[in-house]
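Look at the two complexes coming up: subunit A is in both, with subunit B in one and subunit C in the other.
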Partner chain A sequence: MITRDRNWLLIFAVCVALAGVYPLFADGHQLTVIRDALIFGLFAASLDFFWGRTGILCFGHAAFFGIGGYIMALVTLNDAIPFGSLLGIIGAVAGAAFVAAIIGYFLFFGGIRGSYFTIVTLAMGVICQQAAVSWSSVTGGDSGLIGIPPIEFDVGGTHVDLSQDLPSYIFVAAIVSVVVLALWSISRGRWGTVLTAIQDNEIRAAALGHNAPLRLLVTFTLSAAIAGLAGALYVCMAGLVAPDLSGLLLSTEVIVWVAVGGRGTLLGPVLGAIFIQRAQQTISSFNPSLWPLLLGCVFVIIVFVLPDGILSIYARLKSLFKSRRRAQ
Partner chain B sequence: MPPKPCSPACANASPARPDAMDFLITTLLNALTLISILMLVGLGLAISFGLMNVTNLAHGEFVTVGAFAVYFVQSMGGSFWLGLAAAPIAGAVVGCILEFAIIRHLYSRPVSTVLATWGVSLILQQGLELTFGLGAKPVTPPIEGTLDLIFTVYPAYRLILIGIAMLTLLGVILLISRTSFGLDIRTVIQNREMAEGVGINTRRTYAIAFTFGAAIAGLAGGLVAPLAIVLPQMGVNYLANAFFVVIVGGVGSIGGLVAGSVFVGGLTSILNYQISPSLAQAIVLLAAIVAVRLRPNGLFNGASR
Partner chain C sequence: MSDVLLQAKNVGIRFGGLQALEALDLTVHDKELCCIIGPNGAGKSTFLNVLTGTLRPTSGSVRFLGRDIAGLPLHRIARLGIARKFQIPSVFSSLSVEDNLKVARWGVPSPARPVGELLELVALTNRAATLAGELAHGQKQWLEIGMALAIEPRLLLLDEPTAGMTPQETLATAEMLLRLKGEFSIVAVEHDIRFVRALNCETLVLHQGRRLRSGPFHDIEADEMVRDVYLGRR
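Moving on, here comes the complex of A and B:
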């Protein structure tokens, strides 16, 4: 267990270092591409924190991403609100957490687990997207809201303005690193251990005095809050918000990022998000309707060939070579 | 929420009749249309999700395939009725392939089933789009015009739809309660190991039951095709609603299926008049979540589990 922790921290440090030196070799456009991918990586990590630790799959996680995005857009676009960026982020996180807490309360305390939870969250995602399209007086309907200003705020007398590529990249990279590290320390500590116990046998965990529904609810709410944060960051960087951001396709893409990167590793999903988005851009440039088709194939392939994600290839090869050597 | 309700105005209510009665009957018939469709789509899900414990997210695509089968037959010059006969066959073929290629290997891995069937759903949607092209596909109903009921006039096709749905449901009830295959299914549901012990081939029973559910969903797609917008992506709406039918109604009985359909379909139809369809959908979802919180085993199954 301790070597596993050390390995994780080592890989984490390497990733942070790579992210740190990347601006020296990349131009402005490449920086923004990686920055946006990192935001989606944060989103993937938020899903992994819930799915990886509890084993319960949320099929509408983009709803929280979208809720965060829309709240951020509405707050920053309203000139009457001072400290728009800061209040927007707080509002986005709180809004996503609030919705998750309400839905989670009814589901977890109602004894809804497993597939039932997946279905209800799937419907939640469908409805969020429909609401974003049809409530056009607030959300701008199909075309969404445009002209969202970049994040700017004062901290300790210095003015932080993230309209340039490099500062925004550093800001996002720092937030992603801090949040991923925080989620990892939560999930490897006592909290995560209890969650694993609940996943293995909820009745036994409850008999040992753990309030399982409450633990699940808090984990789900935290996960949604981080998804909301990712949504808020994304709309400020992209400058627009659209119904797709809360849609079913994004909800399923984030599942693929987590599944490919390796469920329960927190770092894997971030890397999965970055690499799969890269692939998506390349494939979509040939034919836009090809991507969902390939996405479908990836789902089927993951289930049958790589149930533990891309990173498991390494472990499999290692065991393969070991058994070869033993045979000789 | 497809199918679109038929408003009293579009049904050409004559001024001599009392408006309130007209409105009531029309709303009731609209609700009945939706409930019939939901029952047929939910039946397959009640089999796979409720009884076999398989979360099949490609179930909505059986509806889509059924609707496209009607469109395809009509576009080749065939009649609607020929298309309606082809719809359940198309659903059954897709369902059978899905069961054989994917689902039977994943009975012990629920989350993997969710992911794999969602992948299949995306593949089918894009496959249909690549084959038939973008845009909504026109499907003409076999009978135009309306039928004069005493208190209101109502589109004749919708009445036929309700009739066919009811007959199908009756047929399913008879199949399950009267035939030897129905007996096999009930045995496997009650106790899989024991069923194997008395010599029932449970794998085969599962496969046939799954294919059967897919065929009924395909029939529902064919029936709804003239009323709905036929698109490769149309399945997801039916998927979400049908799951709620099964969750709210509880699994294991036809009564639960009917109760769930009446709850979801009735509420949706009534709300559709007052507010926008998306908001109506959201309220139905919330009501369903609250209903599940209050009666975890379904509306119909009091304390049977």
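Moving on, here comes the complex of A and C:
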């Protein structure tokens, strides 16, 4: 357990260091590509925080990403609201958490688990996307909202303006690092251990005095809040928000990122998101219709062959060699 | 009496057309040990489920420290001081033995017994780092008893604690319970007569959902009717 923690911290430190020196070798365009990939990585980590520890799959996580994005857009586009960026982020996080808390309350305390939870959240994602399309007076309908200003705020007298590539990259990289580290420390300690226990045997955990539905609800709400934060960051960087951001395709993609990167590792999903988006850009440049097909195939292969993600290949090889050596 | 911990009065439960339990009474005093025995299908586990509040009786009531516990959420019942060991060993298989006990301790606000002592009690000190899923069957049963102890219960309910154990393990379990007697009340539902004999306590015999006999075990054991029921002669 202790060596596993140390390994995780080591890999985390290497990743942060790589992210830190990357601007020295990259031009502005490459920086923005990685920056956006990191935001989606944060989104993937938020799903992993819930799915990885509870074993319950949310198939509509993009709904929270989209809610965060729309709230951020509406707040920053309204000139009457002061401190738009800051209030927007707070609103995005709180809004996503609020929706998750309401939906989660009825699901968790109503005893909805497993595939049923997945199906209900799938419907939730579709409803959110439909609402974004139909409520056009607020959301801008199919075309969404454009012209969302970049994040800017004052810290101790210094004005921070994230309209440039480098500052925005550093800002995003710092937030992702801090949040992933925070989520990791929550999930490895007492909170995460009890969640694992609930995943193993919820009735047993309850019979020991643990309020399992409440714990699942809080975890789900926190996960949604982080997804909302990711959505808010994304729309400011991209400058636009559209119904796709809460759609089924993004919900599926984020599951693939987590599955590829390794469920329950928090860092793996971030890497998975970056890696797959790079692959997507490369492959789409040959033929745009090839990507969804490949994505589906990768998903099926991961589920059947490598349910613990690509990182598990190493562990598997290691145990294979061990058993070989024992056999000799 | 003032030291009554759990009182079941006139408990009956009906599943559709089946009267599973009928007119059962049970009083458990503080720090008392008692057993519920009976042949298969006598309603032992059902009765235990009613006693823990997981099943709501169709008639009668179950009161713990004077409070009706039927239908309370499981974690609330646990926090009132009722611990339970399930019939099928239910440990958290993907956690280590030590983490299993830790999770159990975290269930209550201020657990008194340290993990090390719990490990010793259930003889698993040298398996502390083992994943609970890899334990032998008997060890899983013991670990689950250890988890039940961790929440500092006033009352410990055991559903067939020795199911699947070897005769030696069964006797060791009985010894462990006798050591713990005096700290809190224990109600054990059992099938294994050797185990109940080793405990030698107040015993309630169920047959087809009704009380057949109750009293000290040595009286019960001598009872002709109980023997007939156990041997399937009635």
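The rule is simple: the second predicted complex is superposed on the first by the 320 of 328 C-alpha atoms of A that agree within 3 Å, B and C clash if a C-alpha of one lies under 4 Å from a C-alpha of the other, contacts with A are read in each partner's own complex, and residues count from 1 in each chain.
Everything below uses one rule, namely that a residue touches a chain if its C-beta (ideal position, glycine included) is under 8 Å from a C-beta of that chain, and two chains touch if they have at least 3 such contacts.
The model shown is predicted, which means the values in this text are computed figures rather than measured ones.
Overlaying the two complexes via subunit A leaves subunit B and subunit C side by side, clear of any clash. Judged by the touch definition given at the top, the superposed model places A:Asn78 against neither subunit B nor subunit C. Contacts of A:Ser143 after superposition on the shared chain: neither subunit B nor subunit C is touched. Set against each other, subunit B and subunit C differ in how many residues of subunit A they touch, and the higher count belongs to B.
Look at A:Ala123: by the touch rule set out above, it reaches subunit B but stays clear of subunit C. By the touch criterion defined above, A:Cys297 reaches subunit B but does not reach subunit C. Of the two partner chains, subunit C is the only one that A:Ala205 touches; subunit B does not reach it.
Once both structures are fitted on chain A, no C-alpha atom of subunit B lies closer than 9 Å to one of subunit C. Touched by subunit B in one complex and by subunit C in the other is not one residue of subunit A. For subunit A in complex with subunit C, the residues that touch the partner chain are 1, 190, 193-194, 196-197, 199-201, 203-212. Those residues of subunit A whose C-beta lies close enough to touch subunit B in the complex are 55, 57, 59, 103, 106-107, 109-112, 114-116, 118-120, 122-124, 126-127, 130-131, 133-135, 248, 252, 255, 259, 289-290, 292-293, 295-300, 302-304, 307. Those residues of subunit B that touch subunit A in the shared complex are 49, 53, 55, 57, 102, 105-106, 109-112, 114-116, 118-123, 125-127, 129-130, 236-237, 239-240, 243-244, 247, 276-279, 281-282, 285, 289-290, 292-293, 296.
Of all residues in subunit C, those touching subunit A in their complex are 52, 73-75, 77-79, 83-84, 86, 90-96, 99-100, 102-104, 106-108, 147-148, 150-151.
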